[in-house]
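There are two complexes below, and they share chain A, which is joined by chain B in the first and by chain C in the second.
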Partner chain A sequence: MRDDVLSGGFADTPVEAARAFRAALEAMARPGSIHRVEGARAPAPVSEAAAVLLLTLCDRETPLYLAPGHDVAPVRDWVAFHIGAPLVGASEAMFALGGWQALAPLDAYRIGTPDYPDRAVTLIAELVNLAPEGARLSGPGIRETARLSLPEVAAFQRNHHLFPLGWDAFFTCGDRLAALPRTSVVEAG
Partner chain B sequence: MSVTEIGTEARRGWMGLLARAPAARLAGVFDPLGATPGFEWLRTPETGGVMVRGRTGGTGAPFNMGEMTVTRCALRLETGEVGHAYVQGRDKAHAERAALVDALMQGPRAPELREAVLAPLAEAEAAARRGRAARAAATKVDFFTMVRGEG
Partner chain C sequence: MTAMQHDPAYNFAYLDEQTKRMIRRALLKALAIPGYQVPFASREMPMPYGWGTGGVQVTAACLTPEDRLKVIDQGADDTTNAVSIRKFFERTAGVETTEHTTESTIIQTRHRIPEAPLTEGQILVYQVPIPEPLRFLEPRETETRKMHALEEYGLMYVKLYEDIAHNGAISTAYAYPVKVEGRYVMDPSPIPKFDNPRLESAAIQLFGAGREQRIYAVPPHTQVVSLDFEDHPFEASKADHDCDLCGCGTSYLDEVIVDDAGGRMFVCSDTDFCAGRRAEGHSGRLSGEDAA
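And then the complex of A and B:
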């Protein structure tokens, strides 16, 4: 096993994981808000924010899907050492990591059941650009409207129509993250 | 020296020895070696539970025997060797010393550590086993010495 696979975990796990969890919670509760996180480093092409999210949200009981591009040996080994999450196909995953294009087709993922709408996937989409501009968001947690540079609009509109089912998404770019839950209404900016 | 050159079996041997050794005894033989080498944490010591499984007679169906508390950590020395440790109990310093010994055993100081740390620990463990076996042997009943009382 190569050495860089073994490094990159939290140095002070309880404190850093709590901070990261708070950031993830805030991002999901206030869709469109952008938060900075730090403290983790995973092999390329995983961004710092995505590595922090994986360390904070995933463990050996959360099946993880690595989309093409992220499904490379160093990343798989890093996940095995630091997280221990089982790597599965898209249809069984509770979390999915990849570029937005690589995560498609989106109807392969679990969207929950009417009895358990929480049994749905959370996508972690790596974006090239993350800024408070572009698509207009409204809904719970948003005062009037917010803007976020989403990679597309149609997929999020379709997902919103599935409510209370549907997936939720985190967006990461470098050390910044934002989130879009299934409750948000998305309109082209 | 890579792990494969050392041999998984040998490494399993000393990691098991370090895991079973009482924390105080390991500290007693390791600390006199002097300054601990510089290292960085790959995984800071953390305590958790593991399920110990057994097989009846060593070959039967596996069953859960019970949970035990284990502390684990991983570190990398300045010279590049990676040491892992899983030890009994919740003593984080014990896990750190065990991981240091594991890492040092892969480097040039291996003979020195084998002499100063592993040999005394193995000896103490063997002595403890012998003591327990002797106590158990004292309670053994030898039926062949019983006299039937027909005299």
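And then the complex of A and C:
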């Protein structure tokens, strides 16, 4: 086993996971807000923020889909050692990790059922750029409008129209993360 | 000042990490679907059901060592339930606690929203006994789930209408049903309907029902509308008095019987709010006397 597979977990899990979750909670509650997280390191190409999210939210009970590009042996081994999440196809996943293009096609994911709309995937999309600019967001959690550098607009509009069904997304870039729940109304900036 | 330490016999904030992850995943989905009740695998807590086991689990999943926790029971910081939960987290999480609404980052509440407006960065955690607003109209979970899925809330309006037919007004005074973001009808927990307008807040509001195993949420700046009729609009009512200690005419009041001859006084239910006003020099009808 390689060093980068065995290392990179939280040093003090209860406290570091708690801080990371608060960032994730604030991000999901206030779509478009960007938060810094720390404490985890996974093999390339997984960003620090994505590694933190995986350690904070995933475990043996959460089937995980690694999209092409992230589905490489060191990442699979890191997930197996630190998280233990079963690796599955897109249609069975509770969490999916990958670049935005690599996560497509988006209609492969679970969007919940009318009785249980919460049984939907959470995407963790790695972006090259994450900034409060570009697409205009409104909806729950946003006082008036917010802006976020989303990779596209149409996919989020289609997803919003499925409400209360639909998927939810985290965006990660380096050590920063943001989130976009299915409730957000997205317009081109 | 040295940071407080939690009792090393416990994991930080009592719950084990896998349980916290399960609750955290439920909380994120709850925020993504405002007003929808997310099922979660509620754990047995070292306190009986009805004492806030749902709220305690949500608080435990959200706490960080940097937080300052406030716990209120019907607005009061000094009642048994509030004191014991505050002590529980002082011991198991080593967090600072406070009685001041404005200084707190997480507030766990039983049946009140503090008078002071909440701000960004604050989290309000509600203890919920019965999360299902339709439960007393339809006891079967399979049916209420279908009603939420189909957005079939006619039964609730019939209930409110029957209130008007029998009493001339909607007699529901607490746990008054609301519609969140135009979709899900939600039980705001047994807060007085006086508090309903403040469900539209800048803070994150999380609801935990331990025995019933449900978590739901209202994100900041989310539309929350109390159900009503055009000719019987919703009214956030309170006792028609001023506080007898601080003289406030706009706060929610508790009625206290003070003797066996029909004597009574009205005091703010929010003890921190009332104490703050008295410290500023406000006074009420009985504030000069020994009310005890």
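What we mean here is this: the second predicted complex is superposed on the first by the 189 of 189 C-alpha atoms of A that agree within 3 Å, B and C clash if a C-alpha of one lies under 4 Å from a C-alpha of the other, contacts with A are read in each partner's own complex, and residues count from 1 in each chain.
Here is the rule we go by: a contact is a pair of C-beta atoms (placed from the backbone, for glycine too) under 8 Å apart; a residue touches a chain by one contact, two chains touch by 3 or more.
Note that this is a predicted model, so its numbers are computed, not measured.
S.K.: Counting only touches as set out at the top, which of chain B and chain C does A:P140 meet: first, second, both, neither?
M.R.: So A:P140 only meets chain C here.
S.K.: Check whether A:T56 is in contact with chain B, with chain C, with both or with neither, and answer first, second, both or neither.
M.R.: Second partner only.
S.K.: For A:A120, is the partner it touches chain B (first), chain C (second), both, or none of the two (neither)?
M.R.: Only chain C is touched by A:A120; chain B is not.
S.K.: Which of the two partners, first being chain B and second being chain C, lies in contact with A:G9: first, second, both, or neither?
M.R.: first
S.K.: Should A:A73 be classified as contacting the first partner (chain B), the second (chain C), both, or neither?
M.R.: Touch status of A:A73: no partner.
S.K.: In the superposed view, which residues of chain A touch chain B and also chain C?
M.R.: After superposing on chain A, chain A residues 13 contact both chain B and chain C.
S.K.: Across the complex, what residues on chain A touch chain B?
M.R.: Those residues of chain A that touch chain B are 3, 6-7, 9, 11-13, 81-82.
S.K.: Over in the complex, which chain B residues touch chain A? Could you list them?
M.R.: Going through chain B, the ones touching chain A are 40-44, 46, 74, 76, 80, 82.
S.K.: Sort out for me which residues of chain C touch chain A in the complex.
M.R.: 11-13, 17-18, 20-22, 24-34, 36, 38-39, 61-66, 120, 123, 145-146, 149-150, 181, 183-184, 202, 204, 217, 219-223
S.K.: Which positions of chain A touch chain C when the two form their complex?
M.R.: Answer in residue numbers: 13-15, 17-19, 21-22, 24-26, 28-30, 56-59, 61-62, 94, 114-118, 120, 122, 139-143, 163-164, 168, 181-183.
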